[in-house]
Every structure is written in structure tokens, then in C-alpha cells.
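The structures come next, written out as C-alpha cells.
Shared between the two complexes below is chain A, which has chain B as its partner in the first and chain C in the second.
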Partner chain A sequence: MDNAEAFDKFKECAVEVLQVAPEQVTPEARFADDLDADSLDLVELVMALEEKFDINVDESELEGVETIAQAFDLVTSKL
Partner chain B sequence: MAGGSGPTGRGVTISGWGASLPETVVTNADLTTLFDTSDEWIVERSGIRSRHVATGPFVPGPDAHADVDGVGTTATLSIEAGRRALARAGVEPSEVGLLILCTTSPDQAVPATSAAVAASLGIGGGAMDLNAACAGFTYGMVAAHGMVTAGLDRVLLIGAETLSRLTNWTDRTNAFLFGDGAGALLFEAVGGDDGLLGWDLGVDGSLVSILYADHDGSGMVMKGKEVFRRAIRATVESATASLERAKVDPAEVALFVPHQANWRIMSAVAERLGIGEDRIASVIEHTGNTSSASIPLALVEALEAGRVHEGDVILLAGFGAGMTWASAVWRWLG
Partner chain C sequence: MLAVQGSPDGGGSIPGRRVVITGIGVIAPCGTGADEFWSGLLGPAPTGPRRVEHLDATGLYGPKDIRRVDRFTQFAAVAAAEAVKDAGAIDADPDRVGVVMGTGIGGLETFEAQMHVLIEKGERRVSPFLVPMMMGNRAAADVSMRHGFRGPCEATVTACAAGTHSIANAARLVATGRCDVAVGGSAEAAITPLGVAGFSNMTALSSSGISRPFDVRRDGFVIGEGGGALVLEERERAQARGAHIYAEVLGAANTADAYDVVAPAPEGRGAVACMLQALADAQLRPEDVTHINAHGTSTPLNDEAEATAVVTVFGAPGPALTSIKGITGHSLAASGSLEAVALALTYEHGLIPPTAGLEELDPKVEIDVVRDGPRPWTPGPAMSNSFGFGGHNGALVFGPA
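Right after this comes the complex of A and B.
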């Protein structure tokens, strides 16, 4: 899977879980400020990503994740 | 481990129910006097607006059981809920063959709190405590059903907690979650149909470290995000297993009574199961998380509100420290 394909899958999850418009899911978008997502929303997003990409993300790895780009990098590092 | 019911000729029905909450109500605004928080932050993350407590910084006086009778706050709530369930069923306490008290916050280390409760109520048979944390009441339902199937005519099942005693009132990350209360159901033998259609019980003791409280009084320790996602997954998987064994489609579930831990977990589980939010029985807004008491409190409130009708299929599902999980599909026999 190339990067663009992976980002499309990532975006699908984010749109569904965070209930935002696809165009809001940009690499620089911040979860709290731009997407109105709190820490539990982020956990739910990661749960969906774990299922979609068949990966495992530990709670400690979420520390410091504040933007879409950071979350996407975390996912691709596990592929 | 799981099971479904078969034709035995001896069915089990729920013939009585009752609840009890301590008088003192603590609002989210009250909690702002203890630590840095806000009503909006708590409601957003948990759906909780207030909780009833029997001990802690908002209740004057000590939380002691009486040495002579062993009755503390958990027993007091249990006795009141149990008495209401027996009255509702029109059953004398002497006719009850077994009392099962589900609690993770007994009044004393020894003996089991059910002893004092049985004595106060005048229960005719035996009594024991059951601790499977927040999954406790659903474990208790399967156990109570089994004891009636095994030959007892009546089993009184109570879920009761004084979680305020296990709360670290300085921990802003989880002190707002917990509350106290009790709920009770009376299980009785009937000829013919059986209420329990399917069930599932499980535990993964390798996860003790994500949610626990020690004996030293330091209070509840919780890795919230880890519990949150494991709770959603465990509850969905367990409920799905029970529904399959019961041969019931989620669309046929009239009322979903989840453990009331956090509205975000409750709604996430319902959504994954395909159960609309209007079918969730919820009391979390005014009770908080009452562990073993949460499912009976929610079920009793739904019964009192006339939300349960003869023939309705009810799905109960909980998860808790351990981690434990449990679910049951119950047909309301009326």
C-alpha cells in the first residue's frame, strides 16, 4: 500500500469516528483545536485504525500525538 | 465460558426488584471545590452530572460499621434495596433460599457483608458475597439463575457498593466517576419458560494493573484510555457471544442495560452492536459508576418507568477490573 492509499484509509476512519468532513482531515489539522476531538475520541480513532490496518498501538504511544500527521506517522511506522 | 438455556421444565423469572441510593448528592460543581475540574469537562468525558455518596468529604461523620451487627454503608443500601425487591414480589424473607451480594466494596474484610444483610432481612437460607468488580451483577445473575435451576425456589440477588470509600478524592482523573448505591432482583422458579436465553462470562487477569485499588486506602488507580478501549471491545465481544447463543438478533433487543461506567463507553458499545441509543437504559447521569450496583439500578429505573413489557428481550453486559466481563440475554416473563 502506498502512502496516498494509506492516507485515504486513514481519512475514512477519521471522518467516521470524529464525525468531521473529509476536507478537514489534513496533515496539519490539530485534534483538539481543529477537529473538536478530546482524548477519548483519539482512543476511539486509534481503535478504528487498529482494526482497519491490523496493527497494535499502545496507550503510551499516544502521548504527544496532537495532529493528524503525527497520528498517521504512528500508523505507517507499524505497517 | 458461555451457555444458553435448554428445555428443563423448570424456568426462572424475576419477580421482584428494588433500589436504594444514599441521600447525599454530589454535583460536578461540588467537585470543583476539591480539585481543578469543571462540569463541562466531566459531562463531556463521562455523561455524569451528579452521584450519590454514603462516605467521603461531602458526608459528615465516620463511615464505620457497627461492631455488634456488621452493618455499614454497603449493608445499609443492600438491606433497603433487598427489602423493596421482596415487598414488590410479595415474598417473605424466610422463603428466600440464598442471598448473593455482589460487591467490590464490602463493609469489612471479614465476614462477607451478605451475613449482616441476611440477618437484618431475615433471609431463610444461606448468604455469600460475589466479587467480579463491575461485571459482578451479571456474574451474579448467571449464578442466581443456576441456583434456582439447581433446586432453590428463590434467590435474592443484590448489587451494592460504597465506591466513595475506594475513591481517591484528590485524583481529578477519576474521582468524578464513582458513586454509591444498591439494586436488587428476586429470582423465582416457575413452570415452563425460562428467562435466561444466553450468557457469557470471562476474565483476563493479566490486566490487573490497568484498574485496581489496594487495601491501604490510597484509592482507585486507573489507566483510563487502556480501560476505555478494552472495555468497549470486551463488552461488544461478550454481548455478541450471548446474543448468538440466545439466537437473538440485536434488532430484537428491546432494552440494553450496560454497566454504567461512562456514557461514552455505553454509546460506543451500543453503536457497535447496532442498538439505537433510545434502547439504552441509563442512570449514569445521576448515579455515576456504581460498579456492581449499576446494572440493577438502571434496570429498576427502567422497570419503574414502564419501559419493560412482557416478552421483551433485555441485553445486560458489563466489564470491570480484572479485567472481567459478562453478558446475559434475558426474556422478561412478566
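Right after this comes the complex of A and C.
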């Protein structure tokens, strides 16, 4: 799976869980400010990503994750 | 309605502030909103489980949030929003506005869905929103948050008596002076595989799928769902602001059978005590009551016990009595609120809706059941009863505005 393909899958999850428009899911987008997502939203998003990418993300790894790019990097680091 | 109850003979009682109904809201299988609901009560009875087919709470929740509120909370939110809007400019100190929204079970649909997730996908996939979706107080919290009401905010959980108890508890918040306005109501959404299996296996459900209260062939209740809410307001302020007043809450009672978890006490003793208590709270005599909106579930045990209790309290045949459950089915904890809204509308229209489904009155029943068509009624004091598993009894007494 190349990076663009992975980001598309990532975006699908974000759109579904956070109920935002696909074009809002950019690498720079901030969860709290741009996507109206709080910490529980993030937990739900990570669950969806774990399932989609067949990975495991520990809760502690979410600390400091504030942007789409950070979350996406966390996912791709597990692939 | 008494603020302080004196000795059993009534001595030393202190009347409470007078409480009136200034807003009503409802979502039921026979209709959403007071007008549609009332038309439904006068229409033909459906058969089978009474589902609310047209729940649409998208006007109240964003697309993300709506997936994070259980169906029972959405019912409560829709009903309360209508009631609050109907009440008009309440303009009360938010710290003195209370909310009591009851439920029997809470977020059962959420619980079941997440139980499947747990078994099939493991604990790490269980929704972080499970707890706030499932908890029985979520409906009350939702109403408080949506409307900014910061007074007492609670959920009364007394099975099928929860709606009546919630309205009683909310009215008392106003009568005792703690609140100037309170929203009282309840919601239930338990038509799920687990809920239906549970009620079915305890042989509470009708095998014919026909709800026919007080009929000789009644064979159990037909499950329903929905939500109802009343805005209860101190009378003087309601009058001062020119609010439309549906009726006054004259009295209420909450009692327990202390007998059996599912069967009513013999001869409806608990129901008798509750109705007498409600009359005492309203400072009325039995002969003052001209109409009863019955619990009337269409189960063999309830209807016989309730009819017997009514005769004990009021004599035979007693006040004109109806059960709307022929139309609505038994919406469990929502039923008391649906029936309180129906009673408020009965005052509005001067018309008692008939007991749908009733074809052949049980000969053991000596009461005056309104049937076949609505009966014109000159508004006077009226009672609404609810009884719940656990031996919970509830009665409300309303009077004309």
C-alpha cells in the first residue's frame, strides 16, 4: 500500500467517524480547532483506524497527537 | 398539591404552590407532536409492536452527535423540545428550572449493539460513548444541557410507573418552591431483540399482538415506545406571563405494593392506597373525580387489579375511564408521560379518547370504560394511573386550568 492509498483509507475513517467533509481532512488540519474533535472522538477514530489497517495503537501513543499528519504518521509507522 | 403532608387525617398539611401545565410534547407510535398524537388516539388501532416509525431528531443534533445518543434519549429530546417550545417564553432563572426525565431501562439498543462488538471484536472496540449513551439519566441530562436548565436534574427509574412518577416529582419541585418551572417526562426504547425476548419469556406480551385493555380476551401487553414531556410551572407566574394553561396538577402520589416484583397485590391493594394518597394530596374526595386515564395494559392481571381498585376507591361504575394503550401499546416507562399528555389534551378538547381494541368487556370488570368512540367530557378533576414492575404505583390528579 503506497502512501496516497493509505491516506485515502485514513481519510475515509476520519470522514465517517468525525462526520466532516473529505476536503477538511488535510495533513495540517487540527483535531480540536479544525475538525471539532475531542479526546473521545480521537479514541473512536483510532478504533476505526486499528480495524481498517489491522494495527494496534496503545492509548499512550495518542498523547500529543493534535493534527491529521501526526495521526497518519502514527498509523503508517505501524504498517 | 401539598408541599408538606401533615398527619394521616390531613391535619397540619401545608398546601404547596399551585402547579400548572404550560407545555406538552410527545413522540409516540401513533404520532409525533401533540396534534398528530391526539388524532392517532382517536384513530384505528394497529396490531403488533408499536414502533415509532418516523423518529427524526436531526434538527436537534449534529451529524456526529446524533450517532452518540441512544434512541430513548432522542425520544426524550424531541418531546421536551416540543414541550419547551409550546410553553413559550418561560423566562425563568435557569437555576430554578428542574428536569425529571424517567426511563425504565435506558439505552438498551446501545447496550445490545456494544455487547455484540465486545463478543465479536473484543473489548478494545467497545465504543467510548457506550456509558454516556446507555446510562438511564442521559435523557434528563440531555434536556438540561440543551435548554440550559440548571436546577435539580434527575431520572426516576421505576419501570412502567416512571413517567407518572417523574411528572409527580417534577411538579413537587415547583410546589415546594425549589423550582419555578420543571420539565417532567420519560422515554423508553426497548423494542430490541433482548428486550422483546425478556418480556416475551416472562409471558407479559400478547401472543395475539392485539392490545385490548379490559377485554375478556386480553392476553398481555403489546410493546410500544416513545417519549413525553410536560412543562410544569408555578401558576401565578404562568398567568402573569399569559401562558396557555392546559390543566393544573392538583395532586400526586408515589407508593409501593411491597408485595411481589411483577404481580400486583391482591385486589389491587397497592393501587387503592396510591389513588387514595393522590386524592388526599389533591384534597379531593373520590366523588370529585370525573375521569380516569387508566394504566390499562391489556394484561390479565393488571386490568383486573386496576378495575377492582378503581371500584374500591370510587365505587361502581366510578368515573369515565379509558386506556390509550389500545392505540399506543405499552410503552413501558414512557407510558405515564404519553398518558399525561393525552390527559392534558383531553382537557383541551373536552373529549375522552376511547379504549381502542376493547370489544367485549370482561364481565369481572364493573367500571365505566369509554369505548367505541370518544366521549364528550366537561373538564373536572381527573386521575392518571401507572403501575410498574417492582410494585411501584403512581397516580396524578389534574384539574381544569
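Following the convention adopted for this analysis, the second predicted complex is superposed on the first by the 79 of 79 C-alpha atoms of A that agree within 3 Å, B and C clash if a C-alpha of one lies under 4 Å from a C-alpha of the other, contacts with A are read in each partner's own complex, and residues count from 1 in each chain.
In this section, contacts are C-beta pairs under 8 Å (C-beta built on N, C-alpha and C of every residue); 3 or more make two chains touch, one makes a residue touch a chain.
What you see is a predicted model; the values in this text were computed from it and never measured.
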First, second, both or neither for A:L40, with chain B first and chain C second: both
First (chain B), second (chain C), both or neither touched by A:N3: neither
Which superposed partner A:L62 touches (first chain B, second chain C, both, neither): first
First (chain B), second (chain C), both or neither touched by A:T26: neither
Contacts of A:L18 with chain B and chain C, given as first, second, both or neither: second
Doubly contacted residues of chain A, that is, touched by chain B and again by chain C: 40, 43-44, 47
Touching residues on chain B, where the partner in the complex is chain A: 44-45, 223, 225-226, 228-229, 232-233, 264, 268
Touching residues on chain C, where the partner in the complex is chain A: 62-64, 67, 121, 124-125, 127-129
Touching residues on chain A, where the partner in the complex is chain B: 38-40, 43-44, 46-47, 59, 62
Complex interface listing, chain A residues touching chain C: 18-19, 36, 40-41, 43-44, 47, 50-51, 56
